[in-house]
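In structure tokens below, several structures.
Two complexes, one shared chain (chain A), two partners (chain B, chain C).
Take a look at the complex of A and B:
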């Protein structure tokens, strides 16, 4: 007998398969009579069984991760971080239902290609933007790259102030969208690896993960990341001092770093 | 030029056959191999000889003793590889040696051999990054085009993908390497180092039944392994631990086999997970496993299941090419030699720290 959660998944449409979950678009309630409303949709994140993992390990990890993700999102929301709100949780089935967000990932907007897309062969970034400004996907949102970076920095800082560590900060895990209030907002998504910690260390590692994601997906983006850090610093206030110092330590930590000089 | 479908490889077909000798000795394996690139674009492995320095159970290999082993065996291993290839040193085009990363003393003794041969026979030297050697050999043997590479060995644990003349590291271990973790646990439970501690762990793990809870520490695309090693070691001090596997009927015991099994399952699940995350991030469907731990069949199996779920496939090689060897150095060295790269004798140093992403990969599009 299929559970109601399984029935819900079966009636939804699969939109993508990420690293550890399948993402569906569905509805919790049948469509209402009045005008179509994007809020009716939910995003269903199903952590399916990983066949490669030992079943015991898989079950406990899945359960802990769904519950942890829901908990982290609710905590973020209380702290005023822009996150999609939780609509339903079924930890034993591995399903989390979230508010549907109609937007685009920062990775795509910065020209890193959409997730799952083959890398675009050699297009000089400046050239494309200079020659055909109408092709710049950012124009739709009426926001500059620098503003996006500032938003990224301040959202992360708000989250860290609430002692939430995202655990997988990449440009794919941030989206821009227009809520009905009009202003363009940046939303942090995918709290699958998030956890709570007050440690300076964890916050610094969180930033370092993002720095690495920037440099690996968006070559020559040092300036962009610098402005993320700057706005992070502004929002973080005096806590920044210790985090910044630790971030410098963390950068030296990868193995086989050149120790010359 | 935007709109161009696919860039052509900058590496031109050789106008004549090229032959390279590769010398490897960054850890406890001393390897010499000869590889040939023919004008039709094919690559032939002419010989692949290896001699491993094996220590007694419970002991690791120390740099000084390992270097001594390499010095002792260098002549016979090189002679053997040339004989098997059926060529003389006069016929080769370049001598490739491991520049790093690895243990200092073994690296320098092999580099010394390379320098000597280079001066004696007037052959150019090519210094090669060990990790790039593994990747190029894996690509050559399996024919994988643009895979996400999981490089797992005694000294390295990295998830790598190629982009713009560079092998970029997407994820890596934050502390010890996975092979290091397995080898050290093999020492704790006194498994022999012959043929390799990792192989013996794999065999023991096949007999394990019980999955004991261990930390599961993936951090984004990075992993941390030292805590897992400590936790596994802590189980050997548990009251339930029976090194001899003897148990009364119905008694709750932990055997070394269970520990090997739990350690492998947990650590490999983490590695597969970060590889999967990198694949999703890049949008690649191919995985290539290289490095000594890459010949572990359980890891290959788990990776195969994961790749299958994503509609992709896994490429892996066997111990001849997974475990450190000379031909991988020859292969990567010859590729860069054909692009015009040489290491002058005054610059023919080695370095213990030499990251994969420091190498300019001139030979790929």
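Take a look at the complex of A and C:
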């Protein structure tokens, strides 16, 4: 018999699938006469069963990962980082319900294509991605590229100050969100690889991964990333010195620490 | 009173009835009644327990309708999966609201107390029960109010204290941005309750 959460998924729309999870858009609570819930949609991230793993191991890994992701989000929220809020957790089914962010990824807004290469299931209606300056997607957000970069830097710094390492910082994992009221906000998403660490090394590698993501998806983006780092530095304060120095080391040797010798 | 039905939950747990009572005058007796109903033996006991078969929640500690809905959702989910940590789905709602894993703590803080004047009643049951509003007004002496008032009743200092959220700087204490963020954080905390700590 299908479980309640499976029925919920069945009533939702699949929007994307990766190797680890499927992502759905759905409604958690029935639409009611009560109008105070304006953002009724939720994003449901289902870590489906992996046939290639032993079932017992699969269940415990899935549970631990859902819990880990939820914890990282709560920790970020406590630190004041803009992240989607958690709406529902069903660890035994491997489903995490998150606040629906009605916005666009930074990757798309910077003209790097709509979706990441990992999301193959994309319905290809807008296949031709030619940057036409006349319909600049940024215009509706009323914000300059440089302001976005500054926001990216400060959000990452807030997160690192709380000793959370995102683990997969890319421009696809950041969204620009324009609430009906209030100012445009930058939201960090996908904490599936996040973990806690106080190490300078981990924070530097986090930044390095983002730098590589910038240079590979957005040509001629050195200036953009420089302004991310600048605002990161401002928000980080004293801690920046050692992270900056370490970032230079990481750039020379790459993400992995050499294990030779 | 407001009712809504979750179509993906089994029928006997699918429908939620919620009402907010303000100016409640009989909280002390009500609390007494709940305590005695719990231990009353025999068929009268059954009857008495059915009469007060609600979750009684202090409205001061609820900061949005979504906050309440999230706790209700997680409680039903636990019941459906046979994973209740407390005895009934109604006490599970209180437990889901409370940041601690201690059941007594949850009921003492989030349940009814002598100082409660605004009270939320929640019944989780089947969609066929049509007399719930009558059953509610039979038990509580107070006036049914719109659930939109929840945001005004919320006691932010108490909510922050229980969830260990530091108070914001005085200048943006009542800023809508700050309150919105805190509301979202509280919803997250309730949703993640089962996997935190």
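Note that in this section the second predicted complex is superposed on the first by the 215 of 261 C-alpha atoms of A that agree within 3 Å, B and C clash if a C-alpha of one lies under 4 Å from a C-alpha of the other, contacts with A are read in each partner's own complex, and residues count from 1 in each chain.
Here is the rule we use: contacts are C-beta pairs under 8 Å (C-beta built on N, C-alpha and C of every residue); 3 or more make two chains touch, one makes a residue touch a chain.
Computed from a prediction, not measured in an experiment: that's the story for all the values here.
Asks: What is the contact status of A:162 with respect to chain B (first) and chain C (second): first, second, both, or neither?
Replies: neither
Asks: Thinking of the overlay built on chain A, is A:28 touched by chain B (first), by chain C (second), by both, or by neither?
Replies: In the superposition, A:28 touches chain C alone.
Asks: Classify the contacts of A:253 with the two partner chains as first (chain B alone), second (chain C alone), both, or neither.
Replies: In the superposition, A:253 contacts chain B only.
Asks: Go through the superposed model and pick first if A:8 touches only chain B, second if only chain C, both, or neither.
Replies: After superposition on chain A, A:8 lies in contact with chain C alone.
Asks: By the touch definition at the top of the document, which applies to A:77: first (chain B), second (chain C), both, or neither?
Replies: In the superposed model, A:77 contacts chain C only, not chain B.
Asks: Contact-wise, after the overlay, does A:19 reach chain B, chain C, both or neither (first, second, both, neither)?
Replies: The answer is first: A:19 touches chain B but not chain C.
Asks: Which chain A residues are contacted by chain C in one complex and by chain B in the other?
Replies: In the superposed arrangement, which is not itself an observed complex, chain A uses no residue for both chain B and chain C.
Asks: Mind listing the chain C positions that touch chain A in their complex?
Replies: 2, 4-10, 64-66, 69-70, 73-74, 77, 80-81, 83, 147-148, 151, 165, 176-177, 181, 184-185, 187-189, 191-192, 194-196
Asks: Where on chain A does chain B make contact in their complex?
Replies: On the chain A side, the touching residues are 17-20, 50-54, 56-57, 61, 113, 115-119, 121-123, 127-128, 167-170, 172, 193, 205, 209, 212-213, 216-217, 219, 253-259.
Asks: In their complex, what parts of chain B are in touch with chain A?
Replies: Per the touch definition, chain B meets chain A at residues 1-2, 4-7, 101, 156, 163-164, 168-170, 172-174, 177, 211, 216, 218-222, 265-266, 269, 272-273, 276-277, 279-283, 301-303, 305-306, 309-310, 352-355, 358.
Asks: Using the touch rule from the top, collect the residues of chain A that touch chain C in their complex.
Replies: 3-5, 7-8, 11, 28-30, 32-34, 36-37, 66-67, 70-71, 73-74, 77-78, 80, 85-92, 97, 99, 181-182
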